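Since the structure comes first, as structure tokens, the remarks are kept for the end.
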Amino acid sequence: MSRAVAVAGSTRTARRLGATELVWLALAGVVVIGAVLVAVDGHNLFSTANTRDMLARSSLLGFVAIGQTLVILCRSLDLSVGYVMALCSLIAATTMNGDPARVPLAIGAVLVVAAAIGLANGLIISVLKVNPFIATLGVGLIIKGYLDTEYQGPAGDVPSSFQQFGYSRIGPVPLSTIVMLAVAVAGILFLRKTRTGYHMFAVGGSEDVSRLSGIRTGRVIVTAHVLCAVAAGLAGLLLAARFGTGSALVYDSGYDLDSIAAVVLGGTLLMGGRGGIGGTIAGVLILAVLDTVFNILEVDPFFKDVLRGVIIVAAVAIYARRQIDRKASRVRFGGDGGSGGSAPPDPVPDAPVPAGSTGGNA
Amino acid sequence: TDEPADTAAPDESAAAEDPGAEGEEEPEQETADGEFFVRADFERQLAQRDVEPEGDPATPWLQAIEPEYVDTAEFAQDGNTLCFSNASVSNPWRVTGWITMQQQVEVLQQQGLIGEFRVSDAADDDNQQISDIQAFIDAGDCNAIIISPSTTATLTPAVEAACASGVPVIVFDRGVNTDCMVTFIHPIGGYAYGADAAEFLVENLEPGSTVLALRILPGVDVLENRWAAAQEIFADSELEVLGDEFTGGDGAEIKNIVTQYLQRGEVDGIWMDAGDGAVAAIEAFEDTGNDYPVMAGEDELSFMRKWQETGMTAIAPVYSNFQWRTPILAATMIWAGEQVPSEWVLPQDPITEADRDDFLERNADMPALHYAKFGGEDLPGFPAAWQDR
Amino acid sequence: MSSDVVSPATTLLRMSGIEKSFLGVQVLHGVDLDLRAGEVHALIGENGAGKSTLMKILAGVYQADGGTVELDGQSVRFEHPLQAQQAGVSTVFQEFNLLPERTVAENVFLGREPRRNRLVDAARMNTDTQALLEDLGLTWLRPATRVRSLSVAGQQIVEIVKALSYDARIISMDEPTAALADEEVELLYRLIAKLKERGVAILYVSHRLKEIFDLSDRVTILKDGALVDTVATADITSDELVRKMVGRPISSFFPDKRPGTEAGDVRLEIRQGGNEQVDGIDLTVRAGEIVALAGLQGSGRTEIAHALFGVDRFTRGQVLLDGRVVTLRSPRQAVRSGLALVTEDRKGEGLVLNQSVAANARLVLDAVLPRRASQGARRIPGILSSLELVSRGSSQEVRFLSGGNQQKVVLAKWLATEPKVIVLDEPTRGIDVGAKERVYTLMRELSAQGVAILMISSELPEVIGMADRIVVLRDGRVAGELPGGVDEETVMALATGHQADERGEP
Amino acid sequence: MAFLKQAAPLMILAIGQYFVIVSGEFDLSVGSLVGAQVVIAAALIDGEEGRTVPVILLMLGFGILVGLVNGLITTLLKVQSFITTLGMMLVLYGAIRLWTGGAPTGALSEAFRQPGRGGIDMAVVRQLPWALMILAGIVIVAVAVMRSSYGRTLMATGDNERAAAFAGVRVWRVRTLAFIASSVMATLAAILIGGYAGVTAQVGQGLEFTAITAVVLGGVVLGGGKGSVVAAMAGALTLEALFVLFNQLSLPSTIRPAVQGVIIIAAVAYAARERARPRHHQEVPSQQQPNEA
């Protein structure tokens, strides 16, 4: 019996390795293929310059995608992140207004505004029961209206001290990437170490089950949206640091859909309940590596879009394949000799014989 | 002065520090408002229209208005790898210019003046373009970096970093808030463009006539300048501005909006901040049975052909597309240690009815979304390169 | 075991006059129930009697429309399951309430994960779960296993472990043994004994009378949402209990065969059918015959129906219809060959809830025989009225119908295709007595018309009362075949693999 | 008349999107597809009248192909349609520009422009636009389809895929056909839009979100199984009327997105309330209620 369980257990773990690991494996694959292609072209993908480039490209999308992971885990979605980023870059730059002393104030303002938008998203979804797609699209439009009315172009001035956030590096690693990875680690710890993190998986897995287990599902969804918006706010800060000013036009750069693509590429289920930030980071890195490789190879920008579309769909198709295989795990009479591991082991030999009232002496 | 920000880019910090600039004007309601109108720039650009540019009129891309030459001896070198960070090729104006640039590069490559021509395209994403520029800097083997910024101002730090790397930097089209580059190449600018169009409407419409303004997107400062100049001029006129609408440059949207205005009343003139979709606006008049308006489009051939066909009263303001050749030539000049203007202001003459047919004839075989003043007729690839794409 | 064993009969919980309606249909009519510390209180009644509803009110899932709940003499009203949990009431729900993607430990501690320094202490969660499992003798269950990979019984055990882990004073269990084999039932007995010693009150719902007599101190009987009686278990016999529950002697409950109903030729035959879930299935159903598939949950009955119907496949063996070998790869082919399948999960697999009665009833015609759909649909009103469907018209959405009426729509949908073989998987699950009788009558009518019926049911009286032959499954294999009318113990013995007389009489 | 003519393309897109949404999926590729089709038309026709019909047939073929690919990837490879069609959106956007070098080339023929631009001259209304007649034709077909067996199975699939499968519905086929319908509608919309306004580089951009918003505004539920095709069209008409209203009210154009955002959230929230009401008992009470215990 225990043998059967052990077998079942080990095959389980072998399968489980897949989820996030597969994405990192895919990343490794992309890096290797990229490196070969780049080498054939006479360059070195791992040169300091190129390594920096790959990492730098990952940081902005990284912030947004970390937040997006949280909402997608809850079976929600945030289409307003692009607008939040734009707004936050403007708030940051105009609040700082060239004065290094105002940097903390600006960061505070950005976080508060972003959190408030996330709160609005979360409440519209959980209290008004508006589909997340429409809710966040609508909130995005509202922000867009505000931006279009208030800002006719880049505004504000970021002091050079804060621009360091966007430009300085430690060795080959850009500071922004380090911060992004720190946020990612914080996010991973949040998901793995806090109750709210646990509950996000639960709510995404099944809202009803979560509720019956005493989870206040609305709060979880709202929290996820607040954190997502705050992550987008951090991305806005990074934009401000890199631009030296705030810019509304960022909302047209497609970070909303890109971040969702990165999350899904990272193996998180769009239906919620499974996945994680670790995979998302790999997803973001895959996109960044592709970008760098395409750039070195001078791939036509439009061909890049084609490739990206194909790669995203292909990756998700592969994950879906594995998902289907999973179901075959509860085999009772399989070709594999019927070992399975699904049926509960029959007797419980080592259980102490109970004293007192069993069925027998009723 | 060679403050590039003065022309294409408003210097917000300057504006913020010096609110008097617009405060003392105390303009009446309809004039250009606030932030995106810097009167000094406006007036200088309007004046520049009348300045005779230096150089051969046959090669307008090498002409310059009131140039202040800088010495480039420090950048003279034998290396000839040219790097170009392009904002995007996402609209017909940029596509046309990009082809011209490539043709120019080919010529110079054959002459051995340019070796490798390395390009990255940021697909309209500022952040991506910053990374692109950094990648060039980090690669360390560019002998010159040309930058066509995707948004004014936001690329300032990246351009400064490029300058700091010691490589000669050339910026063209939109500007950035720094003067660290060797040369900043651009036509006269947005105020002049907007004013050309607005003045034409004021001259050709009866007082009391109505004008509809069609704009592409809010928040793009170079486009805001065009509109700010137009507002300034309309305010001083007796024209009534019915409204200003954002169209996204989408023909269907333009036609819808114009049709709606026509249903509500007369529209005598159309002002556009860019000529994309001008034909759709004209068709709205045709389809609703209204007389043609007085129209300011752009030197896009679709519009100019329609203009010729209908004989309407119109003007094609120009945002000189031939400027795409200049940075390439500038790079070779810099390598050769020749002087270049620190701010290289190219001529920007609108096409009027007088020279319209001439330009149409020269571009007879070109596609509809081609720009008349693309300035590549003398390049060997002409005309096939622009036709086939 | 008698009720006076529990000496100080402190009343922990008192529910009185509980009323509840769904969609204007009252399902609980002023029910009273009280629980004492250290007692096992059985709650019995037919399907749809309102047992689960009462439990869910206690658990804070539903709110009563009327009546009061007192806990320790204090009036309480649970608006959210969390409040019930905090008040010391935990529940094993009838439907699974687990997250398949999470581990056993994560599920057990869902909503109240142990923390240290405000962070979830996963290690402790695992050791606590491990300890809990060891305590219960469930050493083969690993805290870190994903629930998805467990069997139905394994999942049921996790549910129970989860409820026990709350340290609750009141634990209600809604059919906790439904998916369990005998050994696990034994285990549950031991657990319940331990809980009793600790003074926990247990509200226990089961359809297995044997368990009621084995375990409970008192029993409350519900019928059609109304309280029939609460008695000490020691003071009542099983016959009396059944009579109170059903309200009439069981024998009259199942209609007699129609005169002239005869078993004809073999319509359906499965020879050595097998796949990953079942193996070596031999089965024949003749025209005009009702054959029942009996077995514990998870024994593979539904799987046979699914494999037969092309939802899953038999990877081994043969299926013959009217003597000809057929390969049915999809429900569509099955329908075309004259098969019909009334699924066990009415909401999940049987109905498109947001659509009208009419749309549901003609769905199979639309899907499989679109060209004849309109013509076939003309029969539907007749079928619905012969089933005595109660609805506000054929354009009413089926989600607003009661369970029994929903089941009638499902039946109508399949009858409209005029099947030759009809498979009924738990056809009376969750429907009321009247509707049940309608279903039974219909089955008799169909077999009189020569339709071959394969019935799957977990309710032994139904199996025994309706079937001509009973095929009993155990662990995916045929354990044996019995004639209709045998006693429950014989069936259970085959189903569990134990001799009936090994256990005490119920 | 003019208003309906303007609204026709969005209504047609909404009909197409409706088929997909009601089956429980999304189609994010329609905006890109409209753009691609207009550009394809201009490039292939290149001003030659004689090529009009063959090119339109080719466009329809291309539309069917796109729908087929969307549908098969979604149903057979089990990629969520959000991702499938997002990928398709990127691929179409890139491929078309790759092909034309970034900006549209060629020109449309007069004949091609007729359906979107022209009409039959009439006494009272001055002109009966072709677009309106095409729209009417499509509406009749769409309503008929939704009443047909296919329509019912489509609805059932969106409502409960499993139950539909148990009833013999070939879910993959039904959904793939819905994607094809959506792409064909996008193609027809492209013919009208191209005809109406000619070729511009930006044509079609963002139409997918407008179309989805329109459908949802019509009370069709994302997730499938609820709402009628007529309501979806009404949603498109409402949205288009809203845009016209903004214009009539001379609402500053920059603020319009904000108003639009508020209106769609409010409308959908209201619809969600209405829907929740009759079956509110089935749901566990929302946890926002104050604790009375």
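For clarity, chains are labelled A, B, C and D in written order, and residue numbers in each chain start from 1.
One rule holds in what follows: a contact is a pair of C-beta atoms (placed from the backbone, for glycine too) under 8 Å apart; a residue touches a chain by one contact, two chains touch by 3 or more.
Remember, it's a predicted structure, so these values are computed and weren't measured experimentally.
**Student:** Tell me the fewest steps from subunit B to subunit D, where a step is a jump to a chain it touches.
**Tutor:** 1
**Student:** Which chains sit in contact with both members of the pair subunit C and subunit D?
**Tutor:** Looking at subunit D and subunit C together, the chains touching each of them are A.
**Student:** Hey, how far is the Cα centre of subunit A from the one of subunit D, in Å?
**Tutor:** So the centre of subunit A lies 29 Å away from the centre of subunit D.
**Student:** Need the CA-centroid distance for the pair subunit A / subunit B, whole Å please.
**Tutor:** Between these chains, centre-to-centre, one finds 39 Å.
**Student:** Just the number, please: Cα centre separation of subunit B and subunit C in whole Å.
**Tutor:** One centre to the other, that is 74 Å.
**Student:** When you check subunit C against every other chain, which residues touch at least two of them?
**Tutor:** 61, 80-82
**Student:** Of all residues in subunit D, which are in touch with two or more distinct other chains?
**Tutor:** Correct list: 102, 254, 284, 287.
**Student:** If you look at subunit A, which of its residues touch at least two other chains?
**Tutor:** Each of 148-149, 208, 211-212, 216, 304-305 in subunit A touches at least two other chains.
**Student:** On the basis of the stated criterion, which chains touch which? Give every pair.
**Tutor:** A-B, A-C, A-D, B-D, C-D
**Student:** For the complex, give me every residue of subunit C touching subunit A.
**Tutor:** Of all residues in subunit C, those touching subunit A are 1, 59, 61, 80-82, 85-86, 93, 97-102, 106, 110-113, 115, 118-120, 122, 137-140, 142, 145-146, 148-151, 153-154, 157, 181, 183-187, 189-190, 193, 196-197, 211, 213-215, 274-279, 300, 475-476, 503-504.
**Student:** Using the touch rule from the top, collect the residues of subunit D that touch subunit A in their complex.
**Tutor:** 73, 77-80, 82-84, 86-91, 93-95, 97-98, 102, 209, 212-213, 216, 221-223, 252, 254-262, 264-265, 268-269, 272-273, 276, 284, 286-288
**Student:** Inside the complex, what are the residues of subunit D that reach subunit B?
**Tutor:** 2, 6, 9, 100-107, 117, 193, 196-203, 205-206, 243-244, 247-248, 250, 253-254
**Student:** Looking at the complex, which residues from subunit A come into contact with subunit B?
**Tutor:** Within the complex, subunit A touches subunit B at residues 48-50, 52-53, 56-57, 60, 97-98, 147-149, 151-157, 163, 166-167, 239, 242-245, 247-250, 252-254, 291-292, 295, 298, 301, 304-305.
**Student:** Which residues, counting only subunit C, touch subunit D once they are in their complex?
**Tutor:** Per the stated touch rule, the residues are 21-23, 61-63, 76-83, 87, 309, 311, 330-332, 334-335, 341, 343, 348-355, 359, 362-368, 370, 373, 399-400, 413.
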